[in-house]
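The chains carry the letters A, B, C and D, assigned in the order they are written, with residues numbered from 1 in each.
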Amino acid sequence: MMTSTSLVYLIALPLAGSAILLLAGRRSDKWGHLLATALSASSFFVGLYQLSLMVGRTNSDRPVTQKLFEWISVGTFKIDASLMLDQLSICFVLLITGVGTLIHIYSISYMSHDPDRRRFFAFLNLFIAAMLLLVLGDSYLNLYVGWEGVGLASYLLIGFWNQKPAYATASKKAFVMNRIGDMGLSFAIMIAFATMGTVSFSGVKEAAGHTSTAALTGIGIMLLVAATGKSAQFPLQAWLGDAMAGPTPVSALIHAATMVTAGVYLITRSNFIFDAAPTAQLLVVIVGAITLMFGALIGTAKDDIKKALAASTMSQIGYMILGAGLGPVGYAFAIMHLLTHGFFKAGMFLGAGSVMHGMNDEVNMRKYGALRKFMPITFATFGLGYLAILGVPPFAGFYSKDMIIETAFNSGGAKGIILGCVTLLGAGITAFYMTRVMILTFTGKSRWDEEAHPHESPWLMWLPMAILAIGSVTSGYLLSHGDTLVNWLSPLFVNHGERAELLSPVVVSGLALAMVAIGVAIAFVKYSRNEVAAVAPTDVSIFTTIARQDLLQDRFNEAVFMQPGQALTAVLVKTDEAVIDGAVRGVGRIALGSGSALRGIQTGFVRSYAALILIGAVALIAAIWVVTQ
Amino acid sequence: MNWLTLLMVLPLIGSVALAVLPKENEKLVKQVALASTLVVMGATIAMAVGFQRDNIELQFVEKYAWIPSFGINYALGVDGLALVLILMSTILAPVVVLAGWNESQGGRWSVKTFYILILVLETMMIGVFAATDVFLFYVIFEAMLIPVYFLIGGYGSGERSAAAVKFLIYSLFGGLMMLASIIALYVMSGAQGGHTFDLAALSQLQMSSMTQNLLFLGFFIAFAIKAPLWPLHTWLPDAAESATPGTSVLLLGVLDKVGTFGMIRYCLTLFPDASKTFTPVILVLAVISIIYGAILAIGQRDLKRLIAFTSISHFGFITLGIFAMTSQGYSGAALYMFNHGFSTAALFLVGGWMISRRGSSTISDFGGLQRITPVMAWMFFLAGMSSLALPGMSSFVSEFLVLVGTFTRYPVHAVIATFGIVLAALYILIPVQKALHGPTTPGNENLSDLNLREKIAIAPVMAIIIVLGFYPAPLLNVINPAATHVIAQLGFSDPAPTSGGK
Amino acid sequence: MTFTAPVLNYTLLSPILILLGGALIGVLVEAFVSKALRSIVQLSLTVGTLVLSLAQVWRIHNETSMSAAMGSVIIDGPAILLQASILIISIISIFLFADTDHFTALAAALPGSEEERHSLETGNQVTEVYPLTLFAISGMMLFPIASDLITLFVALEMLSLPLYLMAGLSRRRRLASQEAALKYFLLGAFSSAFFLFGMAYLYGYSASITYAGIRESVVGGSGNDVLLLIGIAFLSIGLLFKVGAVPFHAWSPDVYQGAPTPITGFMAAATKVAAFGAMLRIYYTVFANAQWSWTPLLSVIAIITMLFGSLVAIAQRDVKRMLAYSSIAHAGFLLAGVIALNKAGLEASIFYLFAYGVATVGAFAVVTLVRDSSGEVTDLNRWKGLGKRSPWVAATFAGFLLAFAGIPLTSGFIGKFSIFSAAYESGAKGVVFAGVLSSAIAAFFYIRVIVLMFFTDATQDGTSVQLPSALTRATLVISIAITIALGVYPAPLLNVISNLSTFIR
Amino acid sequence: MNAANYLYLSALLFTIGAVGVVVRRNAIVVFMCIELMLNAANLSFVTFSRINGDLNGQVIAFFTMVVAACEVVVGLAIIVTIYRSRRSASIDDASLLKR
């Protein structure tokens, strides 16, 4: 494999940025954000440069590596700190640095009033660095470092306003649930090392051939667990909604465009394992399917614009995971949807941020309405994103999502039918709740509080939105035109022969559009025709109630994990004091007690002492008698 | 040149110097103490430079007759493991002195006495790791208790004397168990070609498996008390709660390592078969300690107790790694000992500063520190991250090595132990949230942030934690040869990849 | 039958003869020297005698292996070592006698009587304690070197009778002191009756009163075992009583508490050396071949003694009683040395005896310093905060306690280690284990005292530490120095011991 | 007459003495009991001396008497002082020191 000397800069630049900003402290308040943005941008250009190099080479030579130094080496457990950039990771690099830079720019203005803006940018840079490490690491362990690094960054950013207890809790929740996922990843690594003796991607890829399906399935499932944690997939999805506590740019970058898609990357990257472990692969699909419905349903009931978008993110990632679970044919489409989603979802989040910016941080959509007139640019960009996520041709989503739906149908047998229907239904619901968001926010009558003075955001904010909007219009076409992306990625995946088509693309697109139309229609009927209450109505169906409570996910976790856990802790704390330490103290008390008891012998009367001696003598005689008999 | 003796003598010279200084001039006393610890650190580093990595023999060996009629020698020498631990001790000493600049005030006795005790303790810390004569080891092992006892009881807070007594009784009991075993070894050596306490010679003794098991237990109990292994841990939280932060650092960071160090140096070397016999039990205890310690830590309201329980969990990891009998496990454990020294130091020192500023060690009394004292808050956060073994921190490398090394031979134990990392997230983030986040709780609106001295004290610790996280090679290269050597001696070799039974 | 004139080797007997001479002179001094000079003369006389005797012991130490007085005493390596130990311990403890405040002005006077007050006021202090001490010491010197039953019995009484009296000489709490004397006397006499009866049976068994003769019959195995066993048993009672082994210990706490503290220190240290010396000689030479019969019994007694002493000591609130029980526990440890019945055991025991004796004297020396208006304060609760008031005294006491507890770098640890390893070598694993266990228990109360002194705040009750007089200070310094030195670098002494310690049979 | 009988007698006397020490309260009587034990021992000595046919036993008997005499001196001295200060010769009264 070709080696490069410049990969490290991708990571080093933003890392240096965060280090400088954190160490320099308040001194760098003036210029910190600019430096951070510049570094992120420069990292993006390094990425472009790498891309240009890569395009120039033939398929087989495209991946490049750079060994920095020997990180851990004990016995056969040898891990180099080395990076690998191939067709897959370059996509991520560009997404991360590109969208990342835009969001840096956006934040300069968005956070301008926050006293801690410098810290915010430091964390953003830290995130970029960690995320790049995640996608550039050449072994599962290196990936793991980035994996937890982004977790840390996300923790810091969700809790950026941690003086609000609720936010602090949200960040803790996110970290802990991610840790559960990370545990899965470490299991995967352990199994891999124990069975294959290596944990580097290339090594595992080779070894996978002669490793038992059982082991591979184990690894696969554990990787899936990791993915569910990081990508907020069922059953570890609960943290994403609360993660919206972070500043909106964060939600856009981390919890929409990049970090949450790491799971998809992991699964795609580990294609050689999943291809060889059908069971694991099936589980991936199931998780994806469940989550996409789960998210969609939650999305229908949320009045908080960010939470609604978060729910949709969850659901969209469900699509990607599902796609990735469909095997060789699916990987490319999963990635494609990931990229397009990166554009339109980030765009919409920034839009939401812009709206909040104008509505002094109001997030309840029931308090919006008729904002179309007041923030046209926001409306436009958001609208484009809306069309993209719906999958209306020729917008981005149309290409990426339909591909997944189509592949789902064509994955064969009942499985195919079911998955197909689920994805279709999901598309419908998506259309419904996104339309709902549009209507509640931008159309209809205004339902704001008095003090709200909605206004368009400054150019520093709408420019990134605009760029992303362009992306969400064009990216789909560009990537899929002539199967650009598919061919680009194909060398990474073992190609199986084409499957028999159940439905032709045209039919699928037709169905999908139909579903979308239905969804939109319902939404119109429900929210545009009749008046929307400024406060959420309480006389709603049980389903709505449940959906509003995120399908009871938190209640479930509390009942099943938290409360028993806390009970156990309380009990153990008591037993440690009472039983274990008690036993020790007991021994002491026994000694003391027997001591004072034996004191009784010392009566103070000479005669009793003499008696003791006499008894002793008699005892000796008795002993002798016994001996001599 | 007798490096090791030199290292042991230097602090003594320092303490003598202190003894002659006037009690009143506390500043001078502190400066002298700091200076001597720094000198020792320098000397240690100088020695470490001369250490030949790939040589598995003991190095810097010294041997003089001490009590010939019992075949007792004053014999010193270090292998990679001992060297690393001595390094840790001598680096921590100045940090502790500098960090705890004022913690010696308000004790029962003068500041002077405090630092004399510290320096005497440092001598013993070096000796206990360097001793290669079992008797010498035992002597130091026991004698060490006395200065610590007075440090806790004389300068601690709260139920200090009770805690000190508990610590002493526990340790003495363990020590006597070990003494019984040592006597037995001595007698056996007499029966098999001359009384001796030379470690190498004793490891050649022939003994029935029954005897070996009993003697092993004698040693192991002593060490399991030192490196608190469930269920012999209950002295640690009390001690840590009462001791001054600096003392706690030396106690948990260094002295408790004697336990895990002893398991390797004495239990494994002297009783290989017994070690194998008891491995299953010990592994279970280790795993219990990991989980139990973590859960208890989550349940604590007092910051110092919380840190103590996290250490119990960490010692579980170390023990697990030792008895996994794989090179990864062993090196991981050895590295873990080193790292734990520093992450605990960080936690205790920063925690100590928080406590002394707030005048309370109850976690819920803090709150919103991140806004008031950002630097201190950051340091505490970083220390916490290192304690939960975040990748990029040195502790991650060691913890992961332990887990991987264990998994290859004892997957089930490894899997259960891994749940510890989730609990770790909880026991660190809960205090972080309570103490650093949220609104500022009344009472600490105007706490002061770290001053320059404190920053200087904590900086090297953090530096080590992070640098070793990305580049642990320097230590691993020293440890690995010893690791492979020991594992081989026990007749083990790393399990080959199984290909999952295909 | 004809009597042959006895042949005496005066050189070998000289240490004892010197002591006796000194004692007699002391009696005369008591009679004729004016009361002003009396104490100082007595003291210097006594010390001089002791030093002279010690010098004499040194002179004869390498012309050993000879039996003096027609084989009724044997001067051999162990004898020299034991005599030297006794003398050294006596010297450092005699310094404590100098402070006459401990002793009643006039033992004959009624407590609280006009007579007593008068003699106090006129400073008419009788100093018979010095000659008594010398007599006792000479008995102690004779006890371990006796090699026939008569000498043994006479020596026993020689060392006991003065001690009975000395126990009653306290100036304060005289009733208690007299009671102590009475108890000590009655029980002592009682036990010596057993001792005598045992002698009778040994004589009956072997038709000989010399160790050599008895050993022959034991080796030969001829004769009636019942006689032998009863003999051994009853003889042992006498000896075990002297060393204070359970169940023959009961006197020691009361006597230790009642007697004047300097006496207690002297008694606790020196008597143990003498009694164990005799015991070692008898068991190692005379009864060695009847081992099968007595080791089990002795082991049981040893175990009970260790555990009993340690356990009861925990519950004590009086320093002197606490030390008494600790000395019981130590008697148990020393019995382990007797049981060992090998060279290592002998060496260990001798080392232990010396180390323990010195530390004991030192400990009691500290006790003499802690006082209030009405004399010594032995209630532990009033020792609180001693470390604050006078750190050095407290630290010294802590040092002795650590030695008793057998913490490394003190003489106690080396002693404990050597004696246990010897016992283990001879297969007495049970005893060793009990020993280790009781050491753990014992540590508990030694530490408790340290906590009291250092970690608890003083109660304002007029308890104060008297500034040690030059002589007391000497005692303290010498004993702590020896205690530490023997802990850090015992090699020289151990070598001396191992060169000398073989019994002549 | 069989010498063994003297031994039985002496054993008997010894036991009586020992029991006496334990049961009697008066210091003097107790002391007498001890004397009885000593003399029992003497009796055995003499008897054994007879059995073994040498004089050692009898010599010891003499020694014993001397020693016993000394004991009497010391003992009486102590008992008398106690009596004078307590106005009672009952050894049970003297029990200040206990536990």
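One rule holds for everything that comes next: contacts are C-beta pairs under 8 Å (C-beta built on N, C-alpha and C of every residue); 3 or more make two chains touch, one makes a residue touch a chain.
Please read these numbers as outputs of a predicted model, since none were measured by experiment.
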Most distant chain from chain A, judged by the mean position of its C-alpha atoms: D
Chain whose Cα centroid lies nearest the overall Cα centroid: B
Busiest interface, counted in C-beta pairs: A-B
Gap in Å, rounded to a whole number, between the CA centres of chain D and chain B: 66
Averaged-CA centre spacing for the pair chain C and chain B, given as whole angstrom: 45
Approximate Å spacing (C-alpha centroids) for the pair chain C, chain D: 25
Separation of chain A from chain B, taking each centre as the mean of its C-alpha atoms, in whole Å: 37
Where chain B touches two or more other chains, by residue: 169
Sequence positions of chain A contacting 2 or more other chains: 588, 599, 602, 604, 606, 610, 617
Multi-partner residues of chain C (at least 2 other chains): 182-183, 186, 190, 194, 253-254, 444
Every chain pair meeting the contact rule: A-B, A-C, A-D, B-C, C-D
Residues of chain C defined as touching chain D within the complex: 1, 107-108, 110-111, 149-150, 153-154, 157, 161, 164-165, 168, 174-176, 178-183, 185-186, 189-190, 193-194, 196-197, 199-201, 203-204, 207-209, 253-254, 257-258, 321
Chain A to chain C touching residues, read off their complex: 588, 591-592, 594-596, 598-599, 601-602, 604, 606, 608-610, 612-613, 615-617, 620-621, 623-624, 627-628
Contacting residues of chain B [partner chain A, same complex]: 169-170, 231, 233-234, 292, 295-296, 298-300, 326-328, 331-332, 368, 370-371, 374, 378, 385, 390-392, 396-397, 400-401, 403-405, 407-408, 411, 414-415, 418-419, 421-422, 425-426, 429-430, 433, 436-440, 470-473, 476, 480, 483-484, 494-502
Touch list for chain A against partner chain B, complex: 22, 25, 69-77, 81, 141, 144-145, 147-149, 152, 159, 162-165, 168-169, 172, 175-176, 179-180, 182-183, 186-187, 189-191, 193-198, 207, 210-216, 218, 568-570, 572-573, 576, 580-581, 584, 588
Residue numbers on chain D that touch chain A, as the complex places them: 18-19, 21-25, 30, 91-92, 94-99
